[in-house]
């Protein structure tokens, strides 16, 4: 089998400014600037740091989960069930707590529920080698259904001592936002500088080559699904603390926003490409876009339409950038 | 002795047995479940899902997924609803071609994104799911079409028809099932969809115009969603921008996957899908009778999809293992 | 359609600009979700009131009616510095924090058409359509009058958790149990349609199947009553099973006209909006005080008293709609 | 039958793949009603030539005439319309569709909505099956058919599109003797109907039994075309490998140390059986054989990608249990795979990441990758193997085939392996870089590493290896020490004897 790769010996190196600038993350940064300008024109009330910060706490939990989802997509898999996982874990936590279990123990039970959900996704996708996208559509409906069974459409209250995570301020910044930034830094370092991070890129780029290079792709992918399960559970309980009560419809439809954050950040849907920084910026972009539209009292319909268009444009753009740079 | 053909056949027989057993079990506990009236209730629950399932079956056979059928249903229903409200004296039957055409246009847009930009259909339709729902809000200015705006002849179609008093809506649904059977089994288009799903790389080599077939599949999915849209207006008598068609895609995927359509493409029968829809209809009708809160329905759909995936896996494993032991 | 969209957007822009200098009171009403016909007429009440008295009115609502979907809209109104937030809450307890932060900013928070039971201290006052305590009894009287005060009756409610629904159902049970007038009426079942047309229909079908000689069905929710009526209409059993409850004239007009439903009740959501605007402006400019027992005048609604727990009833008794008066109402 | 009408006249057919000339100026005539064998070593250009005939590739130069008039075979469909059918060794089919449909699929049959004539399709399918004397239920799906039956369906498809030229690429490799006989009977029947059959095979007895004429390819050019009767087997082999042997004299022969790797009775049913050999430090052992001999499967078993079912492996004298590649790497094994693009490089990732992919422990002792260590290792590798590149951050896909292979070799040298398995290391690499590779392999042996070199290029094997094992159809057929080794001996052992008899 003679291979047909181009044989230019000395390919012209891309100039450094080109490498730094022509990246999906810069596209997201550009969109943030455009978003900020647009939103402040749309409504004078928009440009206020504390308001944007407060609005970010509403989606901070989802953004944290989107960071881990980015790593799962880079590794070549996908998971549409984290939003449902957040709801079910929060319901399990509140239900167990409501039934008299001590708070710390209830939190652990919630996290274990998330882990179990991650394990189910891992078993179906990796062990049974089923396409993870269809598996996680099944688990997304299944987890949401379980949450409905546990909580009915009652809303289970959460003890006062646990409520108000978003009221806790760290140097004037709400705690959920601080946690999001810290998670981004930690995960960015893991993905960017550790062996595991490097191997996630390698598995996503070419799983066969990874096998031949002695990389245990199965173990890493199972680990990612489990991590996503636990982090989703933690995020679900953070939301419970923010809201003071939990219903089965927590973060309903959140899966679209999480995938959107990853895509807007430049994560390549087929794996191998993407960064934590990209998703981090995309999370802020989404907040700016939706807050800008809400404070301008635009019909929610427009927000839905804009979200849909953004996702489609983002996939086409990243597809185009990667296809072009892969000469 | 062809092993796989039996498995496929057994799969449909398996679903039929499940339906019978389920109905007998419920009937023992609640005898009224087995009356003619109860059969009518079950059949009245299935027409929209049936039409959606037919479209989704062809999409899945072509190794694609269309998540936007719920929003396409909602948008088409809204277009027709607005038309009835703004032009009350129009002949009400005009609604059907308009709904189908509207759906087809949205479907073709999906198809273009998938074929021109080579994007995975599941992510594209996840985007258009939200886009079309947003457009539904915009064109309706977020207001509902009330029962009084929907022509009574259209609503009548969900109640009776000259044929043994079976509502038109059920006749249309089974008509679409028959049409899909003819397309899938007896037209070049149908066979090429199966071929495309069975071996996408080999399809172009065998002279199959992959782009055209994919576009037609998505257009069909849109058109049938449009038809389901106007029938929604007939069945429930109103069109609401936020919940008309919401969650429709999950019910349809559950029905299609139970019906034995494989998510790896190339495998799926109309009969299996019809039985899958009927099974879900029985479950949906039985829950309230047994006093089980409706909230368990989602959990049932989810678990049904997961179990069907595992069954599909084991069938494919036994089939695939025997073909190729590659290696140079 | 697009033309309409542009108008609303420019109107929104004008309002934001306009508010900077006028001393009119800014009122915003946050509905449960967009596309809910019930709130169209309630909003109309606000709009007409604000044309008469000095207030600027805006209606916003999330796309879907989940517990937490209203929070971003409330945060936005706080940011816009509106004077009064009127809201029909989607959840009894998920909005406490955001209500508190609004009231810290001096914003008056009124719950409309439904209260946050158990968390009343987080809102200034609540404006209910009518005296909820009497709704249960009125509905039992309504169905009793239709079925000759004897036979089996069932309730088709919305969601198991909706506070107003449970309040009324409690009232209905009490009335049937204690009031001798309804001695030979028995309440056989209460089922929940989750305010979804498909589920309400299957629950209604199950009721008819489980209780063959059911005489009457009370559906105290607009979605439930319409679904129940449609089932009765399609099976042509209007004379055996009487459907009533709380419904919107615009939705029930066909059923009343063709005799499927003889009569149903509701209140005027329009009046609720009308009263809420006046109360809000009154509170803001000091002409009204928000103490229990205080009274105030509202044009064409007469004197309104603030009852226990700062709750106000727009009208004392339910309005009954039937064949002869259904055409006088356009909501 | 000498001057039978010419079906195909190919003139000056040449093809370049990425700068490497694979076919140069092939002239070949094919008569109607003839079975014509194409013979040659791996990579001699046989497959490429027939793929050009079948429209899978387009030639860089040259023309094809069919029945006297020039034709332009642009795609497989064009070929099908011209009546040319190519049957791959692993038939390409639609597993979920019925046999009958697989035969007909894609034939011009009216618009998308035109009716599918099931009756005629099934009737035709049965007719072709009867013609081929094969009893397969044409309504069952392709799923689960044996390879032999799948080939029968492919032939039926060729008949369905009334193909005049049917090309069979190594058809008998996976078949049992009885299935081979059936295939031969059918081939003869088709020839008697006036059709032309091209039969690519290494089994010279089969060629002798079946074919009328044969053509020998070598290094991309057409050496000779003879009638089968007029050329003895030894002559065929001589022509196959007749190039005068440019001796790449190895600068030295390394001192042979103690046994590094010992394999006994290694078996994986269907791939290879009873493989036993010992490999000593400083020794280069060649593993020769033709396509399908199972050499790559042995390598994949040694490295743990597809472990053998039975047999023992001892590394450095100790028993080794290798279930997954990391086990092999820990024991000091390394494996440069044959399929560079599919199993070797991470195309879009930088060259540096590719080079250090197998030594995570060394570049990140604490788990965190140390830039300095990584840059040190990769810079050293680039210099040692003189890899030509613009920058270490450049995606590796931008390098030439030769430099990519050097990067993969560098990856494995960094693991400092005891045993280095190289699978077709110099395939698709231009001559200049090949020589560099040979020196490198020599130096590695000299440094005491044990090297197992899998190669289809005889000069490479003969000049580099201390010993050559030859495999055919999953079995070791000969072990030839360096001084007795020559091309004929290796090829004699490589050509499957047992084709008919086994």
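So that you can tell them apart, the chains are marked A, B, C and D in the order they are listed, and the count of residues begins at 1 in each.
As a convention for this text, a residue touches a chain if its C-beta (ideal position, glycine included) is under 8 Å from a C-beta of that chain, and two chains touch if they have at least 3 such contacts.
Please read these numbers as outputs of a predicted model, since none were measured by experiment.
The chains touching subunit A as well as subunit D are B.
With centres computed as the average of Cα coordinates, no chain lies farther from subunit D than C. Averaged C-alpha coordinates put the centre of subunit B at 36 Å from the centre of subunit C. Centres computed as Cα averages put subunit B at a distance of 46 Å from subunit D. Between subunit C and subunit D, the centres computed from C-alpha atoms are 76 Å apart. Residues of subunit A in contact with two or more other chains: 152-153, 299-301, 303-304.
Across the assembly, subunit D contributes 338 as residues in contact with two or more other chains. Multi-chain contact residues of subunit C (touching two or more other chains) are listed as 5, 8, 34, 61, 63-64, 160, 194.
Chain pairs recorded as touching, per the definition above, are A-B, A-C, A-D, B-C, B-D.
Taken together, the subunit D residues at the contact with subunit B in this complex read 76-77, 80, 90, 92-97, 101, 105-116, 118, 137, 139-141, 143-145, 270-271, 291-292, 294, 296-297, 338. The part of subunit D that touches subunit A in the complex is made up of residues 17-20, 22, 43, 303, 305, 324-326, 328-329, 335, 337-349, 353, 357-358, 360, 363-364, 367-369, 388-391, 393-395, 397-404, 411, 427-428, 430.
Taken together, the subunit C residues at the contact with subunit B in this complex read 1-2, 4-5, 8, 33-37, 40, 61, 63-65, 160, 191-192, 194, 196-199, 201-203, 205-206, 209-210, 212, 226-227, 230, 233-234, 250-251, 253-254. Against subunit A, in their complex, subunit C makes its touches with residues 5, 8-9, 12-13, 15-16, 34, 58, 60-64, 66-68, 71-73, 75-76, 79-81, 91-94, 96-97, 159-161, 194. Remark: subunit A residues 124, 128-131, 133-135, 137-146, 148-149, 152-153, 248, 256, 259, 263, 269-270, 299-309, 311-312, 315-316, 319 touch subunit B in the complex.
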